[in-house]
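Below is one structure, written out as structure tokens, with a few remarks after it.
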Amino acid sequence: MSKNYASAEEYGLADLLCCAAAREVADNEIVFAGTGLPMVAIMLAQKTHAPNLKLIFEAGTLDGRPPEIPTSVGDARCEMGASRASGLYDAFSIAQRGYVDLGFLGGAEVDQYGNVNTTCIGDYLNPDLRLTGSGGNPDINSFAQRTVFIMVHEPRRFVENVSYITSPGWRVKKWPGGELVPRQELYGAAFRGGPSAVISTAGVFRFDAGSGRMYLDTCHPGKSPAEIKGLCQFDLDISRVSGETLPPTREELHLIHEVLDPEQIFIPRVK
Amino acid sequence: MNDKRITLQQAAEIIKDGASLTFSGFTIWRRPMAIVCELIRQQRRNLHLIEVQGGPHTEFLVGAGCVDIWESCWVGHELYGKYGANLSRKVGAKEIIVEDYSHAEMMFRFAAGASGAPYAATQTSLGTDIHNPAYDMLGLAGKRDGQRIAKHKYVFSDDPFYGAGAQVLVPAAKVDIAVMCVQQVGEEGTVRVNGQYYSDPEAARTADLTIVMAEEIVPEEYLRRNADQNTIASFEVDHIVECPFGAHPTGMFGRYDVDGAFLKDFYARTRSQEGFDAFAKEWIHGLDNLSYLEKLGWGRMLNLKANTALNYSTSVKRGQ
Amino acid sequence: MNDKRITLQQAAEIIKDGASLTFSGFTIWRRPMAIVCELIRQQRRNLHLIEVQGGPHTEFLVGAGCVDIWESCWVGHELYGKYGANLSRKVGAKEIIVEDYSHAEMMFRFAAGASGAPYAATQTSLGTDIHNPAYDMLGLAGKRDGQRIAKHKYVFSDDPFYGAGAQVLVPAAKVDIAVMCVQQVGEEGTVRVNGQYYSDPEAARTADLTIVMAEEIVPEEYLRRNADQNTIASFEVDHIVECPFGAHPTGMFGRYDVDGAFLKDFYARTRSQEGFDAFAKEWIHGLDNLSYLEKLGWGRMLNLKANTALNYSTSVKRGQ
Amino acid sequence: MSKNYASAEEYGLADLLCCAAAREVADNEIVFAGTGLPMVAIMLAQKTHAPNLKLIFEAGTLDGRPPEIPTSVGDARCEMGASRASGLYDAFSIAQRGYVDLGFLGGAEVDQYGNVNTTCIGDYLNPDLRLTGSGGNPDINSFAQRTVFIMVHEPRRFVENVSYITSPGWRVKKWPGGELVPRQELYGAAFRGGPSAVISTAGVFRFDAGSGRMYLDTCHPGKSPAEIKGLCQFDLDISRVSGETLPPTREELHLIHEVLDPEQIFIPRVK
């Protein structure tokens, strides 16, 4: 059955990101999701191709099936229909124990190795802007089999060196010296995986298994590889583009706007 | 039977200048805002906050100049305010020491503290700047006395048992006072949290003294009919305070939702110190809990009130 | 929805010769006796039991010759049998390896295993023969491969953070299968334990595979109406079995009391191998769960039945 | 008000032990109790001079007030009226955190320093008799401010060297060598206390703060210091006897037999 893809004027960028993110999830996976668009994406996957995925919220919800989109993982809406409501020790223990297949995360800056910053802009000791801090970003990224980052694409965010590595990518700092080493080397037996995709407002990016460097996989409709390369301060590999990011289907748009986020908390309607 | 009841004002008086504090709740849920406001009214100074993660209560205290040290991993108002503007401002001005850990590290630090262990071994956040030795802010400030503040921010160590590789040892949290906000507490201190309990059990047990503010003080015997539904044991709680809506503008499972509009307004207005001071003049100083509620008004609070079948509000406006 | 239901017989078949096992319950409460009996019927061999503490189920398996290694801290039948006579006999005859830890050490080993940490730091049992290096029985037997059995029984280490002194690092428990017995499990695996949950959450999470036998399989949706009352999450449970009275002769909170007379008889009769074999012939072999219950009879079981207002039996004779 | 002490024929040895044990508890203390006579003793203290003591059962009951005497700390009776019913991780965490004032324990053998054995009789590697094992004995003894042991008094139980130190006394083994050192030295900053009394079927014994050695404090009615010394394989200090162990009061006997253990589960009636 051919899919009923929406045309360009029927969806917005948030819809596209949400659907691209949902497609990163396989059925039966255990997924760790933060507040916002990732939550909508996972609930979308749950209602489409991955009905048996299990959702974990950091604040302490295990196998959640919220009837309404929560506005925080601490929200009262998280508990309704969940298998167990407990706390953060439970959630992080489960993650460290190795249950989590996939985590969805965000970031303010990312470098070519998938190192992500959510802590500060500028010198840490003399910051231009202090951000929220790490939250569970490095934890989920350390414990999960793979992580997907959803980010706004601006040149100031896709940088040569992030101001502060909050969340570890494929080449990370070995202390006390701080030289970059492969993630596998540092994590040793605890290595499970790392960033598998970055979904930005320009395209979908993946990482070369050998070099750990980011490459462009798909361009969002209307964007060219060269244009996207121009939006990165590092030298983006655009030699492996597989095509265009698939647009949302009409069924997905219906689910997003009529079922999952009718209040437009995270995903605005375009019309 | 020891009488554990105190007033809001007494609760704040127990917390002295220079104390280390932690709190119940998660980001914008179940924060002890009424006690936080009372601390600001009493002009508490030099507080050391050690928390699994921060939220509006952090921003209130930091904005009011009560805090010298903040050890945690995150502060903000979720979708009602992207980051902690007051903390951000004071970090920029070097008016506050921030010690950054990861979320799991903070949680495991509290789990270790709560179980009487001096540290926990974990494998999170390896390779990040969280472990950058140049960023040990309490060390740089000469505050690592090995008493209440550990000698090291963290220590690397190899697993001798299974070859599991590099471990980050993180020191147990040591906290003077936990300030909690929950749905129900019994007369003798037994706490029943409904919904997610976040890191509350560990917060209460790690702290040397625990103050529990509750929506209701209920007969102890009522809670003891179902001991397996209770969250914190009587003897872990030193003082109790009854204060309905004490978590506002944060939310409480089964009772009321987050007041998103209030938080948005706070975030928008308190990016500057002048803005914070004006906010505090309007919403903190010169008020007590009842006059604060009067000022909020019935319409606002009824709108936030949770539907008891669902445990959240069906009338609150959350979206655009 | 994956169907997790299996039969008692299938549950025992999943557990292969040589597997490492742990169990739900505490001493003489909530032990998965029906599965244990089925394992004996299926003549399982070379099992490695790693448990926070033992009980009648241990004695059944050990007496039947199913067990090669027992790592724990205690075995007996409380006031119905002072110690584990079968284990005692086999230890004397060197037919079994016993590795002794303290109770808290075993609990912390499971807590570490459940949270994915390779070890836990504790300060218990310092100065005792539990830490006598000559008594490292798995080491003496050459079984410390650093894979499923840690390279060291324990390691001493100083606290680098607060000068808290000597720490005993104990390795995380690594267990193949947890065999649980609880009041209710949902169709998708969510477990609700009533009363004390003992070390059940850690047992289930530490094990690579978890089998839950329950008095009743209930609609998943029923349990999910109150997620904060559930004990173990759906995805931590791999297989579920419905087996009423599956814990007999051990007890189950809210359902039935310990069958003290049965345990006394077991303890008295199974001090010798011949005694155990005769017991097994009478109460284990050639029976299934229904014929076992028929043999026990209605009078006996109604006498043990808990009063639902009190959660324990008011008719069972407990004293002299 | 003078106490209404029972006469010798009105009570049994178990009554005497139970009352002596109860008197070790002060009001408002947090007490960790195992199954059996200690449980009755603590509940007796709760109903007499220590109404605000808090009872912890190892299996996971915090501030328990069982309406009927449990036959195990795992018993369904433990939960009724308790502040919180949870599990062993909770109970041992609370103990290690330093909440526990007093623990009641038992043993098969004890030496002059209060080292107790519950593991085996004879050489550990070739045991004459394997016992139950440690249970929580060493844990409670390591974590509590003080512990009280209740034991049957026979020469084979009060020995020069126990077969296996299960639970640490005032001179303990320092590994790897195994030489005896003061408990304070080994526990360092974690030192909180240790055995404060042994209540045997012959008398009540305490420990010298300096030498860590056991001395006879009171003789049970009808026993002489010399007789009790003869029941110990080590050289018992009988120079500090303070008198006779106080007998049960009639009120205590009433509570034990009519209220706490009417079924005679742990304490038989003498008449």
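A few comments on the model shown:
Note that the chains are named A, B, C and D in the order they appear, and that numbering of residues resets to 1 at the start of each chain.
Everything that follows uses one rule, which is that a contact is a pair of C-beta atoms (placed from the backbone, for glycine too) under 8 Å apart; a residue touches a chain by one contact, two chains touch by 3 or more.
These numbers were taken from a predicted model, which means no experiment stands behind them.
Drop chain C from the picture and the touching chains left over make up one piece. Looking at B-D alongside A-B, one finds more C-beta pairs in contact between the chains of A-B.
Distance between chain centres (mean CA atoms), chain A to chain D: 57 Å.
Taking the mean of the C-alpha atoms as each chain's centre, chain B and chain C sit 38 Å apart. Put simply, the C-alpha centre of chain A and that of chain B have 27 angstrom between them. In chain B, the residues touching two or more other chains are 108, 111, 115-117, 122-123, 159, 162-164, 195-197, 228.
Annotation for chain D: residues 61, 79-80, 85-86, 89, 92, 95-96, 143 touch two or more other chains.
Applying the touch definition to all chain combinations yields A-B, A-C, B-C, B-D, C-D.
Contact residues on chain B toward chain C in their complex (touch as defined above): 108, 111-112, 115-123, 146-147, 150-152, 155, 159-164, 167, 169, 171-172, 174, 193-197, 228-229.
Listing the residues of chain D that touch chain C in their complex gives 35-36, 58-61, 67-68, 71-80, 85-89, 92, 95-96, 119-120, 124-125, 127-139, 142-143, 164-168, 172-176, 178, 181, 183, 186-190, 261, 263-266, 268.
Note for the complex: chain C touches chain D at residues 25-30, 52-54, 72-76, 78-79, 82-84, 87-88, 91-92, 98, 100-105, 107-108, 110-111, 122-135, 156, 159, 162-166, 195-202, 251-254, 257-258, 260, 306, 310-312, 317-320.
Residues 28, 30, 52, 54, 61-63, 65, 79-86, 89, 92-99, 143 of chain D touch chain B in their complex.
The residues of chain C lying in touch with chain A in their complex are 1-2, 114-117, 186, 188-190, 205, 223-224, 227-228, 230-236.
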